[in-house]
Amino acid sequence: MGEILRQNLLSPVALAFALGVVTKLIRSEFSLPKDIYTALSVYLLFALGLKGGVELAHAGAAAIAWPAAATLLLGCITPLTAYATLRRLGKFSIADSAGIAAHYGSVSAVTYIAAQTFVKGMGAEPEGYMPTLLTLLESPGIHIALAIGAMKTAAPDRDTRSVLHEVLTGRTMVLLVGGLVIGLLMGEKNWQSIAPFYDSKGAVFKGALTLFILEMGIVAGSRLGDLKKVGPFLLGFGIFMPIVHGALGAWLGTLAGLSVGGATMLGAMAASASYIAAPPAVRITLPEANPTYYLTASLAITFPFNILFGIPIYFQVARWLHG
Amino acid sequence: MEMVPLKLVTIVAEPVLEEQLTTELKRLGARGYTVTETRGEGSRGIRASELPGESIRIETVVSAEVADRLLAHVAKQYFPNYAVIAYVSTVEVVRGEKYV
Amino acid sequence: MEMVPLKLVTIVAEPVLEEQLTTELKRLGARGYTVTETRGEGSRGIRASELPGESIRIETVVSAEVADRLLAHVAKQYFPNYAVIAYVSTVEVVRGEKYV
Amino acid sequence: MGEILRQNLLSPVALAFALGVVTKLIRSEFSLPKDIYTALSVYLLFALGLKGGVELAHAGAAAIAWPAAATLLLGCITPLTAYATLRRLGKFSIADSAGIAAHYGSVSAVTYIAAQTFVKGMGAEPEGYMPTLLTLLESPGIHIALAIGAMKTAAPDRDTRSVLHEVLTGRTMVLLVGGLVIGLLMGEKNWQSIAPFYDSKGAVFKGALTLFILEMGIVAGSRLGDLKKVGPFLLGFGIFMPIVHGALGAWLGTLAGLSVGGATMLGAMAASASYIAAPPAVRITLPEANPTYYLTASLAITFPFNILFGIPIYFQVARWLHG
Amino acid sequence: MEMVPLKLVTIVAEPVLEEQLTTELKRLGARGYTVTETRGEGSRGIRASELPGESIRIETVVSAEVADRLLAHVAKQYFPNYAVIAYVSTVEVVRGEKYV
Amino acid sequence: MGEILRQNLLSPVALAFALGVVTKLIRSEFSLPKDIYTALSVYLLFALGLKGGVELAHAGAAAIAWPAAATLLLGCITPLTAYATLRRLGKFSIADSAGIAAHYGSVSAVTYIAAQTFVKGMGAEPEGYMPTLLTLLESPGIHIALAIGAMKTAAPDRDTRSVLHEVLTGRTMVLLVGGLVIGLLMGEKNWQSIAPFYDSKGAVFKGALTLFILEMGIVAGSRLGDLKKVGPFLLGFGIFMPIVHGALGAWLGTLAGLSVGGATMLGAMAASASYIAAPPAVRITLPEANPTYYLTASLAITFPFNILFGIPIYFQVARWLHG
């Protein structure tokens, strides 16, 4: 474990993230322009989708049925465990609990990519259809948590349906699902012609990833100051909830027949907290939920934890589960 | 130049509110609006988006009556929980009858 | 603080007009201007550029006389065919004599 | 033909375009940041120019003389046919007819690239100096159409010369002509050092192209609602005018000695309608021309038609003309 | 709608001054501010940054007294050597007591 | 020399720069979006840092000691020679002299990259730890020149410490130093996985460099009109000061044991003038210094001179010094 951890902490992804955080710690003004940050995420998501679609064409529908079911199950369980933990143990308000739960019930695509990079580096090639699972885990958790919030608080007079529409048609879904379909349709030969640009094994993908993670570090670093505002419970929650969800994901993944690499990735997905799709949806439907709570937990606690320590842990769990 | 005195309502708000706000202000009688991306700092220091500090400024030229309605709506609906500032001034508008 | 009351003219227009408009307003007496990129919606809904909805806002601090000239020019030259809105307000300007 | 069409519709270019359109159909907010869109077009144009210049150094001036003449001829004919069709048959106003004609007399660089990708995929390698022809076709048609408009409507008091200057010094011309000259001057060895980045065979070019086309799909999709505003005549015009111009281009190209690939590309160029250089030029010189007409025809009708169906048609025509 | 009449101070300046200016205006009593990126041309034509023509516009809603202080400070500190324009107008602010 | 010069003037870097200048000369509106320009510089700086760190891991601390000392010496000498020349011979005001000296005492990263590309093309492989020297030369010159300015003019009531902090934590330093540390830590295997994206030998680096230099040409070209405002002395200064500093750098580098390639690059670094870190620092601490002077000298005179003529000259000097 020590060696795996060391290797992970010295990976370009972890080091780029650390550089971003340090950038903020030394109070540097530097950050990537917002549009570049958006473009990098567009590229990464589209690349994931395309490759996933090509691989999905290879895998049969049968092969993916159980892992898909496991993923959807995680999408239903994780927002509930998060909500219950926050509300019962943490004594958070209904809105705050539901708002944070929406984040932990969804998934962070960058954490997904970091996990993929990690398991590949460990020689545990994951299933090719993992991006499909990523897509499945994106939105159910958000909807479930927001539904809890809406039921338990005075119904806001905003149109919740338009919010759900926004989640389902957001950048992440368009590029992942769209990429999947294109990948499915275009066939191997066409994929080969664009693979050097989009394949996660390729130079462009890895380069774009480091730059994106560098900016993630800056974004997370700029929220470090909020750590003292959120209190010790949320700090602990941001570390232990992912471990629980990660172990659960690795276990369900293993039961569903995923390899060590695949189970690790499903664990990382379950453990991760959304910070692109969830925040605006929560902000609009649960105005009373404090954004400092959910953004700090998601960006400044859970994301770094997963990238630096969580993924190697879920990997160990998956290896142990696989005997 | 025939000029019509009208109200210029300015609302600075969190970016996530843009679609809602513009839909609502059209419903409340505004004939158009202009949106600018800005950044800022306020007394509440709510940092509700992934990239902190960003806001949008919505400006709309409307009749005094519509201005009142807009500001009342913003005050009621958004002031309690969102980072918002709203103010109004008088402007002389070219062919202003178009915006009433 | 010695302040000079002057006119702040605001013109929101299609981006394609920026160069023409700024050239003309200098010719008509403005000593400077500030341009902001914005987006908006109006009553005419002209979407004249490849990427719809974008406009520019030009602001210039000028004397009342120049303001009149500018607004008359915009009304005559651009209102018939372009998506444009123009209005003016009074502002107190630091060292305002510079801009007259 | 059916098989060729199928292959084209399943190409990454066509599928990325379709995804963009679907993005708008499901009323998603997603689009590429404007600056990224600009950067992609800068890259694609510069890459075309550079490669074209390197190839131009290989080809003799003699080889290009006839194709160049055919291209300039197309630049003079197509705005006139478009104008006459719109004015006589379509009963459009002078300003509208001239405005639309300016678009169809010029050329769309993305359509050019899509045609290049297509013919290469078909094994019909085009002449290397095609980017020179693209450059030649860019501006004459705009000037001719605007001249007609200026003559026939009350002369506007704007400085038409400054508009022509803008067309001639716009992004497209600077990058294409500049790239051509640099390509000509720098020599084979220098080209080799940067070719992996700029060559249209390379990974970067193909990746940038799909992302650019994705955004083109979004832009076109956002204009679909205007289709009902422009009336059935313009709808038909946007499809049949390209077919006529495309066949004419393929024929003149064949006469001028171009290969099947080259003639197809000249056809696609003639068939295409500009949407970068023409719109601002028309907007300023012909204020009464309705932008909804020319932008919808160019972006939402002719561009998709060419990308999806037109190019395979011109290819068939070129093959048939070559016996 | 209970509205409070306050001052809207607008400062257009070189981008390099943003941090200094915002720090200073908070020190001088402003409770918040909004910054927009703009470009412009003025009488002095100082092009002090690598990419010429860019400026920032800072807007802050403050009491009349703070407005005076801000403008005096800008006039003294920045007018001599920097490309700056500053002006003030009166606006009616929703829940304006917050910004005093 | 003639042949070397010709080769340099026909390199992609020189030609892209020339195209940028021509773009402005024909009064084209074209330029790269600002965020793209920023992103390119972020990429180039980070790539330099990473590669430099990997190489630093190979080189011993002993190997770099003398070259580092030579570099720091240059960082102390060049602002003083520049200040003295401007003040004594040029009769510039204290503020103007100090302001310009801050630029010439620091370094231009693009000139560094151009020199690297040039010497590699000439087969004179430089030392791998050159990016470390680049980092060392970045800030001392700025601090020394600003200190002179502060001492000799009425002390401004701004906080000079915050300005120094900004220089030390600016984009250039974060990415260079951060990249160096990451490169040092991550090890050869990790570097290999991202090298195709970041290595200066790779396609992405060279492509990004040409686009960046194209925009530099546009920026320089937009300042050509200011050449007549700065007077003949500054024009001469912008050419002869680099030659003096370049020869000095090549000489000190040779003494310190650098190869021909390394000594050329140290010469180019000494000869170059900063235009990213220095301008804002000077603008804030020396408000009376005229920006037209320092920006025109740095961007429109010295940068083009070095790129087009200076680097080949320093190369000849270094070759001659190496016997």
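Every chain is named by a letter (A, B, C, D, E and F) in the order it is written, and numbering of its residues begins at 1.
Quick note on the criterion: contacts are C-beta pairs under 8 Å (C-beta built on N, C-alpha and C of every residue); 3 or more make two chains touch, one makes a residue touch a chain.
Keep in mind that what you see is a predicted model, and the values were worked out from it rather than measured.
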item	value
Most distant chain from subunit C by Cα centroid	A
Chain pair, A-F or A-B, that carries the greater number of C-beta contacts	A-F
Per Cα centroids, the chain farthest from subunit D	E
Shared interface numbering between subunit C and subunit B [over half = same, under half = different]	different
Between subunit A and subunit E, centroid-to-centroid distance (C-alpha), Å	41
Centre distance in Å when subunit D and subunit E are each reduced to the mean of their C-alpha atoms	46
Residue list for subunit D, restricted to those that touch at least two other chains	29, 33-36, 202, 204
Interface hub residues of subunit B, defined as touching at least two other chains	19, 36, 89
Touch-based graph of the chains, sorted into line, ring, star, complete or other	other
Interchain contacts, given as pairs of chains that touch	A-B, A-D, A-F, B-C, B-E, C-D, C-E, D-F, E-F
Subunit A residues within the subunit D interface of the complex	33-36, 38-39, 42-43, 46, 165-166, 169-171, 174-175, 178, 181-182, 185-187, 190, 193-198, 202, 204
Residues of subunit B defined as touching subunit A within the complex	14, 16-17, 19-20, 46-52, 54, 80-82
Residue ranges of subunit C in contact with subunit E within the complex	1, 3, 6, 8, 22, 26, 31-36, 61, 89-96, 98-99
Sites on subunit F touched by subunit E in the complex	34, 37, 158, 162, 219, 222-223, 226, 275-276, 279-280, 283-284, 287-288, 291-292, 295, 299
Residues of subunit E defined as touching subunit C within the complex	10, 12, 36-43, 55, 57, 68, 71-72, 74-75, 79, 85-89
